[in-house]
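You will see chain A twice below: alongside chain B first, and alongside chain C after that.
For the complex of A and B:
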């Protein structure tokens, strides 16, 4: 089985650019990734593309071939949709296609245009990631769903709004030097706990923003990277996907994420590593509580102990295990279809040493990314390792 | 590399059932496929699911986990979207997952609910498979796009409306005994050429209907099929995918489909067969002209000769190479996300000998399926072979 190399990464700035189409955004990210890799468009054998709400935001489905065209790639192209885990799933399938020997060079990534819908329109569009029949039609949107999860967590394991606030503060701090981030500014604990309440206990600053943006990775086989003398020290050594019942009311637990547990176990086993080997993580903090659940699924903290990780300084940039050095979804932004591949792009830069926050993970060899769809009915975990 | 067995197939009746949800439809097809295979839900390791317009027709994205839940499958689930080739692509990826040893038993299929939108609403929703910015906003919908392709074909290679009508007549004749078909009734050449014009030269009977429906396949590794003594004589021996520029105005040809040429060449090479080995075909006849283009891409007829295949009786059920014995999209119906996997379900029954039209392909060993997205910006071809 070939090693899967990340030969190049590309990201647009995340933020509000409602005048830019999805194809405009993805063309930028895709071309940047090819440029970073030193790989020509003609070498790309397939596109694996994640998008979530193109039908609603741009009246555009069938985006696979459209995005291949936008990047100038003449190859089969498929769109993957798993809500907020869309491009995470695209990465997982791309990895398998290289491993099974079918492809040597692929482009993988995602894009989302959201801010043109406005906040209410985007919130309604995001709701299609929940069970429309039983959740959405009853008035449930995602802030409410994650608020239920947060309250269940508090009730079962303890913790409070200030613990969650510490996560938002940390991720904003991390985003300051990241030019791709939507919010390059610090916030305080007081800012978070005094912010307007969205769905108790989650306030405005516990919630990731509505964002436009795109991400792309060039993945190659080890043989191709060596033959073409690519500078590609980072490999994807583990991939895992998990699934869960869609609606919260059907589940046994609200404060745990079995789909992410399953994805993490599969990815670690695939890579032959354990949670103890992880030096740095990018996790799906669509709301502050989501970072807690993610870290516990990844085994980075025991169940019930993730809540205090940020407030105790363990996951800050100077802590023992920095989490979301990119700024996370919270401060870097969350253009849904772009997020999963974006996490791998950020992790690649962190491990290669060319990220503005690389200084906080010097010597790190193993990173993990965690991408979730809906209320974690879908989850994808990847393990990345760098040659030292 | 393991042989990929089709252990079971399931189909709802295609037609108008606007009161049934997508999950209701897929649950029926999925459970029927598991029953046909003699495989329990607990054995299923992943779901590969195709859907195209759930966001518009049911305000429902993230259908992967929802559909797994509907069938009672607790496993990772991914939704694939490539317009009308959505479940064809899902099959292609499922095949790779079995071949690379990652999975032994998977469920693959698709569903679409369309008729609840009405004909105008469904036509507008279908249009998102074209380039919204440059085609749809200029007034293009799919009847118009395929009419351009038909006129280009007539101009370049000859043929007329009666040649196309013979395709519709043939496919309606094939659908009569197929209880899963939307239209189990014969039509005449006169019915077709005298029908209301939709987009010249394509009339009402040159066009497939708007349909609701679902399809499912249980795929297993050869080892699993043998170990569990499954009755699974049909294998998927070849898979191929191709892509093309999205908008018609960007292409060099209107009357040829390079994406399908590419998919066919890849699938034949993968299976180690050639067009001459094909005994029976199910192709994507969303409009009558599309059947012509498909057969030529598959190499079943020379370019320019596919147009007269039906009118000369070559592709009728008594002909040398029966095409669309299911009734095709034209008469069996076209619930978009269900279509690709449905073609493989029909072909499996034809080759196993339990299809109402199996008598016309006695002794057939090799079948091919052709599934197209949009104006063939995406194409997927599969080769199926049966043990004799």
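For the complex of A and C:
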């Protein structure tokens, strides 16, 4: 299968900018990606764009053409929605589009404006990723759903709040040098376990923040990159998407994420790699427990063993397999529609050697990104490899 | 804001049935249990779904205490939300108990409550 080159990446700073419109956020990320790629906007043949709650946050549907216009791209533009996996899905579709030969240059990314809704409004908006009839009407919130998974995990495999706290501490530590991150500050285990509860056992510091932000990637065919002598050493070599039943209570497992198992298996097979080849991972840690489920689905840890990976130092920046060197959703922030593509942007920088945390993955060749929607009813995994 | 004006066929029919003491689930050909409205059994893809009486008693499999609710539950928080198994069907509901008394394995019955915030109907679990 033809590999797809990541020619350029762009990210806004993630954080609270409630006054900034989605179109302005995406324009910044998109233009930065084009500049990074050295590709003119006139060369872009399509926009694949992820966004989740635009109707609720900005009263704005039909965002594809709006975002293309914002970056000066005159080409077909489509919005993809898969809750928090929206731009991960957009990337997967863009990769297929280049591979099938339809296009040579596409812009892909996502944006989300959330903080203008306030905490209550954003909580309500995020909840629409769950089953409205059978979950939301029974009082379920998004943190609540992951809390149900966390307690199920504790019951089945063990672990406790301090194990989860070690994940938050690790990801905050990783975010300190990342200027794109929402929280560039360290926290302690005590800060996490003593924080106000959101949905037990998940407290404020187990939860990703509410964020505004955008991400973008310029993807090209290998032929285009070579013809135009682009400096694009990182390729997407594998892509996979998985799905599951919508409501958590209808799933086979309450403490596992089979959709991500499927996505990982497909992405690894596509790339011709295995979990053992992975040097570094960016995973969807919307809540601390989510990082555990993600790593187990990716096969980086056995089921039931991911819970102690951070507390044992295995996934810290000095560990054998650094996870979320960007700071993750937890500390980098989670503007949901931007998150999936932002993971590939961060991974590209890590593998190219121009990320503030690249020093911790010197010599790394293979990275994996994991993006989840809802309580992992949608999951997208990508394998990225860098030319040595 | 109440959404009582919207009647969701299947869902509201089921709440009516629960209020009348006739709770049911939809059973697929291999014995899996689901909540309505459904035309297809997710486990097998079969369109043969049969209404069966829901067991009187269920068991809490996991729960959380929600401290930061959606606006529709603002005055109800904190409350415990649980997933309970009733035979082959699992259901999500609010536990009508002091949140600190809720535990995995707790036996519950299913009912319908009106939320404090909006007065909307919601699935409730009552400890046995």
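Assorted remarks:
Basically, the second predicted complex is superposed on the first by the 387 of 388 C-alpha atoms of A that agree within 3 Å, B and C clash if a C-alpha of one lies under 4 Å from a C-alpha of the other, contacts with A are read in each partner's own complex, and residues count from 1 in each chain.
Just so we're on the same page, a contact is a pair of C-beta atoms (placed from the backbone, for glycine too) under 8 Å apart; a residue touches a chain by one contact, two chains touch by 3 or more.
All values reported here derive from a predicted model rather than from experimental measurement.
In the superposition on chain A, A:245 makes contact with both chain B and chain C.
Of the two partner chains, chain B is the only one touched by A:100; chain C is not. By the touch criterion stated above, A:143 is placed in contact with chain C alone, chain B being left untouched. After overlaying the two complexes on the shared chain, residue contacts for A:81 are found with chain B alone; chain C is out of touch. In the superposed model, A:52 makes contact with chain B only, not with chain C. Touch criterion met: A:133 reaches chain B and chain C at once. Touch criterion met: A:196 reaches chain C, while chain B stays clear of it. When the shared chain is aligned, chain B comes close enough to touch A:69, but chain C does not. Annotation for chain A, partner touching more residues between chain B and chain C: B.
In the superposed model, A:254 lies in contact with chain C only, and not with chain B. Note: residues 127, 133, 136, 245, 250 of chain A belong to the chain B contact set and to the chain C contact set alike, using the contact criterion stated above. Within the complex formed with chain A, the chain B residues making contact are 21, 23, 46-47, 52-56, 58-62, 64-66, 68-69, 74-83, 89, 93, 96-97, 99-100, 102, 127-133, 136, 241-246, 250, 259, 262-263, 373-374, 377-378. The residues of chain C lying in touch with chain A in their complex are 8, 10-11, 34-35, 42, 61-74, 76, 79, 81-83, 90-94, 104, 115, 120-123.
Listing the residues of chain A that touch chain C in their complex gives 119-121, 123-124, 127, 133-141, 143-144, 147-152, 155, 196-202, 245, 247-250, 254.
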